[in-house]
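All chains are identified by letter, namely A, B and C, in their written order; residue positions are counted from 1 within each chain.
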Amino acid sequence: MSTISDPPSGSFQLSMLINDTRYRSYTFQFIALILLILAFAYLGYNLLANLQAAGLNISYKFLGEPAGYDINQTLIDYTSQSSHWRASLVGVLNTLLVAFLGCIMATVIGVVVGVLRLSNNWLVRQLMSIYVEIFRNVPVLIWILIIMAVFIAVLPQPRDFRGEDATASMVFGAFAFTGRGFYSPAPVFGPGSGVVVAVFLASIAGIFAFRNYAKKALYDRGQLIPTLWPSLAIFFIPAILAFFVMGRPITLDLPSLQGFNFQGGIFMRNSLIALWFALSIYTAAFIAENVRAGILAVSKGQTEAAASLGLRPGRIMNLVVLPQALRVIIPPLISQYLNLTKNSSLAIAVGYMDLTGTLGGITLNQTGRAIEAIFLLMLFYLAISLAISAIMNVYNNAVKLKER
Amino acid sequence: MKKIAILGAMTVAGLSAGVASAATLDDVKARGKLNCGVTTGLVGFAAPNANGEWEGFDVGVCRAVAAAVLGDPTAVEFVPTTGKTRFTALASGEIDLLARNTTWTFSRDVDLGFEFVGINYYDGQGFMVPKELGVSSAKELDGATVCIQTGTTTELNLADFFRANNISYEPVPIETNAEAQPLYLEGACDVYTTDASGLAATRAAFENPGDHVVLPEIISKEPLGPLVRHGDNQWGDIARWTLNALIAAEELGVTSANVSELASAAGSNPEINRLLGTEGTLGAMLGLEADWAVKAIMAGGNYGELFEKNIGENTPIGLARGLNALWTEGGLLYTPPFR
Amino acid sequence: MSDTHAQTVAFVRDTMLPEQPPPASEAGVIKWMRENLFKGWFNSILTLLSIFFIYKIVSGAYPWFANGIWNTSSLAECREMLDGMTGACFSVLTERWNQLLFGFTYPTEAYWRPTLAVVLLLVAIAPVLYPKAPRKLMLFTAIYPFLAFWLIWGGTLLTPLMVLVGLIAGYFAFKKFERQSFAMGMLAGLVATVVVIWAGGVIPAAMPDVLALQAIPSRDLGGFMLNMILGTVCVSLSLPLGIMLALGRQSSMPIIKWMCVVFIEFIRGVPLITLLFVANVVLAYFFPPGSNIDLVLRVIIMITMFSSAYIAEVIRGGLAALPRGQYEAGDSLGLDYAQSMRFIILPQALKISIPGIVNVAVGLFKDTTLVSVISMFDLVGMIRGPILASTEWNGVYWELWGFAVFVFFIVCFSISKYSQWLERQLATDHR
């Protein structure tokens, strides 16, 4: 008698397809595949039948046709005669713009709040946890609409700036905060301004060089060179000198009230700001939690070790705790960026013309190409999130290597 | 594999499509309710009143069709649609009829595959501005911020108008009329533009309608009418001739007050007799009862009555008949004969 | 001895002194303030800034609340009563209370139905949320969905009852065939359920008036009720789906694994709003011609798919966190896949995943407000549309948005506090 029962050989029975583990997984996969194909065929059949009944078809030709509508915020040239494709591109750029601005601001607020939540100041700690709880627990759409309501209902409209009895006035004569958005001066680069910009960039490079030098001096010779004041000097003095030497080539274009609106300067539309701020403060509440968790994850012994070496608290944070905490913080941070980018599609609630507003909104409405437009829209967001997960994987691998 | 399945599906679809599309009337009868697409709320045209019942001029068309088909003007399920959802709702069969001040255009008719069954309001696009701005013509709007409902013809007209006049503007896109109101009232936009009838209706809902003026320019033709899907001609005929019946009734002096009396027996006017089914078989030709038009007229009155009750000069909206008067009175309403 | 002592030392205390209170600056409130509020100049500045900030908010908000007016019927009337003072017009909340909660088309005389459904919901979820609740309540939890369906949508009680009977029949069929194999059991259960529901469907159709409440079409649902319905329905439906997806993703069968991976990653890669657009304008094309699936149902389908992908990821985390030994234990006992999952792996994995699942649920509940973008009238949709655009209440922003913030905060905050409590609870008996 053999101790190991041989697999039953010989005749193949139909019941083995289910009961024999060797075949079972093939059976299941086969069934799943068939079901999947059937489901797709069923949906496809319905789609075709419905399209046929409605006399429609699927075609992407509409992308080449003139869009016919105007967009208020365009980062590239666009007129109502441009194609729907171009309009979608404008939307993509607007999405990326608000996502980029949002990520920066969310990170700044999130890190500050996260660190302050661990502060030894009781009052600040309480305030920060109230902030986090309130913003995390209320839908971001409501925050977007509330900030938009501030614009609509609280801030003065351009017409309030007009006339003798104006109820509103510009700040420093250069900034205007109106219900339609913020206006600020825009730099105008005249001839010769290239030199100023070049000098400025060079001095930034200089600051880095100087700091490196100071570090080297500290490590090699133990000589402590103050860096703050020299850096500031390098930052300002050459550029200012160049500015005056070249005969003030850079001027400011101040916004001024003309007709219905302010003209000139840089204009940030209310919809952009509402979306940007709301996404930032909402996401920052989550980032703050990640930052706090990351800092807490660094064991207390690290802090104590650093303190016993005589480091000041600020230095402990910068040199010991944060570098270690970052490894814990960054992966969730990146997925918060992804969330923020996806949430930016709520732009449509305040009429910000991101991709959801152009391709998924007006183009869809005007051409009636719902299936095609929504398909492309999903594809875009999918591409973004795949790209972000790719970055995340690269980062995770990089961190893993250093761990050894 | 997938391709084969889809190909197979395609052939079956081709075979069955003819059958599937011709059945709207049967569907409606089986369901016992007409699914009618309307606006999300535009007082006078279609809006729920305090009790949640839908009322208005477009609603009147829905009710008339429901009465003609099902004999009951309340057998309507009103489906609120936005500029964005209205066409897909109709194309996908979610609604049987769309009566949502929708402009009859070439591409909607031909490319989107819809059939406009007539025109129930001859309109044009206008501009509304606060009086205090002191604007008297649309040409003075250079640099203005304009609130505009997306997904509408008015959005395209607006772009064309400003381009043709070589003036600039800043569009503020909004999704529904309801969202436009606070934006416009709080001054986030200087101008609100849409169909002139819609402007009148919107202004009527303001606290101080007198503070706002509608500029004299009408920049487009906006023939508004109910529409159905392409391909079901019987259903299209029913909707078309119900609308025509309402217009003919006004022309022939048939009102909700006297229709039952006129329909009780054949009278001296053969056209009225044919319309009301006391003579001939027009109803049967449509696949409806002989008294279909009687019920349609009783539902909310003839065209003139609907107009006066919902948007006429004695309502807050206060629209004059203008182009929408009968052709006998200098307007454009002219229905083909019932014979 | 004491003598010598007395000569060498002038004074020696030979009894302990009673303990003295620490100096005022080192005790009580003052010490606490010094340590917690004014430690160093930076902290002091922060404290002063915070106090200033709090003062600003309180001094701004207090009169607004205190002068609030609760009983006018329009904004104009309210402004008149306030007569130039700062004060809130909370009367918009009292006047539109029903609309905020139930939407504007839900029949007034039926308001008690969703209200009762919410109360019963609390009873039904008690045994799920609170492990110490009597186990018998589970029975009620099981029938609750059918009861709630009947209460909210109306119609004859026979319809949900038939579905319930179908499910029970399916359960018995499953039990009967489970001996043979899990797959057979599932198949038999499925067939029995479908057959019973399908065949039994004639009963409610034949007797539509037995135990009938006024039928209310889903289109008429609105207000906060809609958020609640979407939230609870979608979370409960997506739980089983999420478990299946997570198991599928862990599976060793490549085709099944890839199907799940593609589904999960696709759903997680696109924003919910695009899925809602699909529900709104595309999904209807994928149903058989002539079928009329209403918008609420289409939205429920899409949101359920959405949350099941996220729940699947949470549960996958739970599965991955189990030590390998647990899987091997199942195998060594000779359990098959279905058995070891049901008796060993899932109970533990789900337990670890609960806090994560609750987080997904909170996120999803917040996301139900997005339906206002596709012109459904949930709480946010009601505020943006019918209420803010009405002639009476044009311009009442803060009261309405404040209310929305308040309501969502209360619900979401308590759920997340609950989840933290549960996490602690589970942590103690885990190690």
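Going forward, a residue touches a chain if its C-beta (ideal position, glycine included) is under 8 Å from a C-beta of that chain, and two chains touch if they have at least 3 such contacts.
All figures in this text were calculated on a predicted structure; none of them were measured in a lab.
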Hey, how would you classify the chain contact layout here, line, ring, star, complete or other? complete
Of the other chains, whose C-alpha centre is the longest way from the centre of chain A? B
In whole angstrom, what separates the CA-based centres of chain B and chain C? 41
I'd like the Å distance between the centres of chain A and chain B, where a centre is the mean of that chain's Cα atoms. 43
Taking each chain's centre as the mean of its CA atoms, chain A sits from chain C at a distance in Å of 27
Could you check chain B for residues that touch two or more other chains and list them? 16, 20-21, 84, 88, 92-93, 175, 182, 186
Contacts with two or more other chains, residues of chain C listed in rising order: 281-282, 284-285, 289, 373, 384, 395
Among the residues of chain A, pick out those that touch two or more other chains and give their numbers. 49-50, 53, 152-153, 348, 364, 370
In the complex, go through chain A and note every residue touching chain C. 18-19, 25, 28-29, 32-33, 36, 43, 46-47, 49-51, 53, 119-124, 127, 133-134, 136-142, 145-146, 149, 152-153, 342-343, 345-346, 348-349, 356, 360, 364, 370-371, 374, 377-378, 381-382, 384-386
In the complex, chain A residues that touch chain B: 37-38, 40-41, 44-45, 48-50, 52-56, 68-72, 79-81, 151-153, 157, 159-160, 179-180, 258-261, 263, 270, 348, 351, 353, 357, 361-362, 364-366, 368, 370
Would you pull the chain C residues touching chain A in the complex into a rising list? 35-37, 39, 43, 46-47, 50-51, 53-54, 181, 183-184, 252-256, 259, 265-266, 268-274, 277-278, 281-282, 284-289, 362, 366-367, 369-370, 372-373, 380, 384, 395, 397-398, 401, 404-405, 408-409, 412-413, 416
For chain B, which residues count as touching chain A in their complex? 1-2, 5-6, 8-10, 12-14, 16-17, 20-21, 83-84, 87-88, 91-93, 108, 111-113, 132-133, 141-145, 150-152, 155-156, 158-160, 162-163, 169-175, 182-183, 186-188, 190, 229-231
Which positions of chain C touch chain B when the two form their complex? 76, 104-105, 107, 217, 219, 280-282, 284-285, 289-290, 292, 294-295, 373-375, 384-386, 388-391, 394-395
